[in-house]
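In this document, chain identifiers A, B and C correspond to the written order of the chains, with residue numbering beginning at 1 in each.
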Amino acid sequence: MRSQLLLLLTLVACGVISTLSSGMNPYYYDILVGIGINIILAAGLNLVNGYTGQFSLGHAGFMAVGAYGSSWLTLSYGYVLGSSSIAMSAFYVLALLLGGIGAALVGLIVGIPSLRLRGDYLAIVTLGFNEIIKGIIQNCEALGAQRGLGGMVLHTNFFWTFAFAALTVYVVVSLVNSTYGRGFLAVKDDEIAAEAMGINTTKYKVLAFVLAAFFAGIAGGLYAHFKQFIHPEGFNFIKSVDIVVMVILGGMGSTIGVCLAAVLLTILPELLRYVSRIDALPEWLRHVTENRMILYSLLLIILMLTRPQGLFGVRLPRKK
Amino acid sequence: MSALLDLNQVTVQFGGLKAVSDVSLQIHTGELVGLIGPNGAGKTTVFNLITGVYRPTMGSIRFANKAVSGQRPYKITARGIARTFQNIRLFGSLTVFDNVRAACNLHLRHGISQALLRGPKFSREEADIEGQVMELLEIFGLEKERDNHCRSLPYGDQRRLEIVRALATKPKLLLLDEPAAGMNPTEKAELMKLIRFTQEKFGLAVLLVEHDMKVVMGICQRIVVLDYGKKIAEGPPEEIRCNPKVIAAYLGT
Amino acid sequence: MADKIILFLQQLINGLAQGSIYALIALGYTMVFGVLRFINFAHGDVYMLGAFAGFYIGPRMLHLFGDKPGYGVLVSMLLVTMILCALIGVLIEWLCYRPLRDRPKLTVLITAIGVSLFLENGGQFLFGADPKSFPEILTDSYLSLPESWGRISELGIQLSAAISMLVTVILLFGLRHIVLHTKMGMAMRALSFNPVAASLMGINNSVVIAFTFGLGSALAGAAGILTSIQQPSIDPLMGVNAGLKAFVAAVLGGIGNLPGAALGGILIGVIETMVVGYVSPTYRDAIVFGVLILILLVKPTGLLGASEQEKV
């Protein structure tokens, strides 16, 4: 009861902030919405990678399904409920949800065969499915193929972004803290013991996967109707790594940590861009900051070597 | 009275090795049976066969008159068989309380939608579970540790926690794999009492693998002896103690 | 009819040439998995580094040989690159994987991904992202049998491809000798069966692991050179695609199984070439990927691999 009240309050707060922020500097507004979208992506993936211990490396694929799915819907049928802004917004939310459901279905198709595989194989297979999804979009004329898809109406605003972000966090946290949700953690800790205690490990793995995919789809839809243009290369392996880094930095198994990491890593590329323009710094340093992947990969290595539990995660025990 | 658990000529083969060969054994409700044998005799393998980790190459396993061989472990647990492990397999990142709570999932009446919406049904059941878990923890004297991480418990307590966790699945048959390992004599005596107590309280059948002969002879009504994957003797403790084949298996001829 | 057979055989030959490259890279994956039970994500990028080592050292090497391309240059290039890549492999293991020896598998997996990304993006940063042209260290030509042999003379192969296959065979035999007939090889095999027992028998696990990494990386480096003499266009991301395919090859053959990796490599090379020839070039990567998914679903231990049961 308490948590639902909190959720409601958060939604109201989002509404208030949203109306107040309409005059905000567009650059900062951009970053803010970006943070919200990344929170949805990271908190969702954390359910799979963090709480259930399955290493999925293709999350951007589900984001793509949601992005393209919802975009196609609003572009083709946006007027179906009427042409007033309320009607169009309503349809937009419907499209977002349908995009999420589509992503969840794809998550089901990908998850059922893949989740039988152990750690390293699962990572590669999910990576592969990411590429397959991207490939399908690239070959689909109705979705703009290699040219990308544009012209979506700017429906996404602070309210919708953070309303869904709050919803995502609420779902993940309340689920994991229930008795039902302890099953996810049991699967992560010891699959064999979990099965022996009557927990259907496959069900939990697939469930986490499908839920995370749903939220990624919503995030994709939000993104598409914010940038108003999407391109297949925006949902490639690099994007998946972006999300994974957020989960790892935040600490797998800590939703707060992951949200914090999402904030940090949304701001970081902007900071780097700023640094790369400072004339006073040496040329090579400026070049490095332009390529955030070098720094991200170094971050991954250093994190694993020094603080694998990230910011807020629980340190996994060493093998005996 | 038909057996609760019925293993009939069960064999499991890995490559060329028959880890368990032509083993038949029956356990009835309320019985406390011991399973002993030298190291490598196949005792844990029998557990793994019963609980579905391995599938028998030959023979059949029936529980409560229904076949269980080849089913997934969680389904077998749902039928009413629970176990502990030779090498402790607790849920390492969870607290003592949550380790047991996780095992309550099996009999959960509500599903994911309730877990999210958190209506009255959810709250009631969560309160129920709180009560059940605490009751089990109290029997084993672990209630004060409830919020501690399970890994911070001393070894003996961790072993007992595993038993508590298994009991949370409301089994009819409990398989205990060396529950007394690493305990001192006082703890062992305490454990023997606890096993008998829970058996009576919950009406369980128990199959116990143990190396400590005092424990085995002390509480088991019947003992089955394995050697090299085969059953070499079966009977009450007094018989087994003097059985020349058993002695030879342990001491070597 | 004869036309179809000739076409098929030609594709087969091309596939074998490509497959030998994958085989060399796949061996590295499988060897490291054998001793550490871990998939070195960064392995494909060592192949790329080998090609780039050749790019930078090549002109100097040519110079030593009087600016004349030939077998002398090639062999020296191979040796130098193999040693260099071996050192790189050992360095990566020592810096990034060794400190994580007793950590959960997931930690090392993530580190490996980090190393791979670092090598790729670092490569783009250092070498520039645009493709470079590998120096000509071997004058290429097209080999085929004389016309008097009949229709078979229609089959042909590039000299570079033939040399590549020959070098691969030599290296495979060399590897076989090391694994079967040397103490280090025996240590590698012991380690892959049981690390604890191996160390109890006096084997220095760390040295063996370092050696394994070095050996695998050397083969990957050689593959880098051999690819570059056939296709002179190299870029810092070339290890991604080849590495992934070689990984599929290793899994196909049975991860941890050396002959399996070689077999897998050849099979993937042939399958890939056949798909390009008979189906469509656009499906090339997808089909190889499909093979991976199929194998993992049907027989995850691969063609020659053995089942591994976790002890409960």
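Here, a residue touches a chain if its C-beta (ideal position, glycine included) is under 8 Å from a C-beta of that chain, and two chains touch if they have at least 3 such contacts.
Small disclaimer: the values here were computed from a predicted structure and weren't measured.
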Inquiry  = Quick check for you: compute each chain's CA centroid and the global CA centroid, then name the chain with the smallest gap between them.
reply    = A
Inquiry  = If I average the CA coordinates per chain, which chain comes out farthest from subunit A?
reply    = B
Task = Starting from the mean Cα coordinates of subunit A and subunit B, work out the distance between those two points in Å.
result = 42
Remark   = Per the C-alpha centroid definition, the whole-Å distance linking subunit A and subunit C comes out as 35
Query = Centre to centre, by mean C-alpha position, how many angstrom separate subunit B and subunit C?
reply = 48
Where subunit B touches two or more other chains, by residue = 53, 85
Remark   = Among all residues of subunit A, those touching at least two other chains are 192, 316
Request  = Mark out which residues of subunit C touch at least two other chains, giving numbers and ranges.
outcome  = 312
Inquiry  = Considering only the defined contacts, which subunit B positions touch subunit A in the complex?
reply    = 51-53, 72-74, 77-78, 82-83, 85, 89-94, 98, 101-106, 108, 110-112, 115-116, 118, 122-123, 125-126, 129, 151, 165-166, 168-169
Query = Mind pulling up the subunit C residues that touch subunit A in the complex?
reply = 38-39, 96, 99-100, 102-111, 113-118, 120-122, 124-125, 244, 247, 251, 282, 285-286, 289, 292-293, 296-297, 300, 310, 312
Task = Please name which positions on subunit A make contact with subunit C in the complex.
result = 53, 55, 57, 113, 116-117, 119-121, 123-125, 128, 131-132, 135, 139, 192, 241, 244, 248, 287-288, 291, 293-294, 296-301, 304-305, 308, 316, 318-319
Message = So in the complex, the part of subunit A that touches subunit B is made up of which residues?
response = 1, 3-4, 171, 174-175, 178-183, 185-186, 188-190, 192-201, 207, 253, 314, 316-317
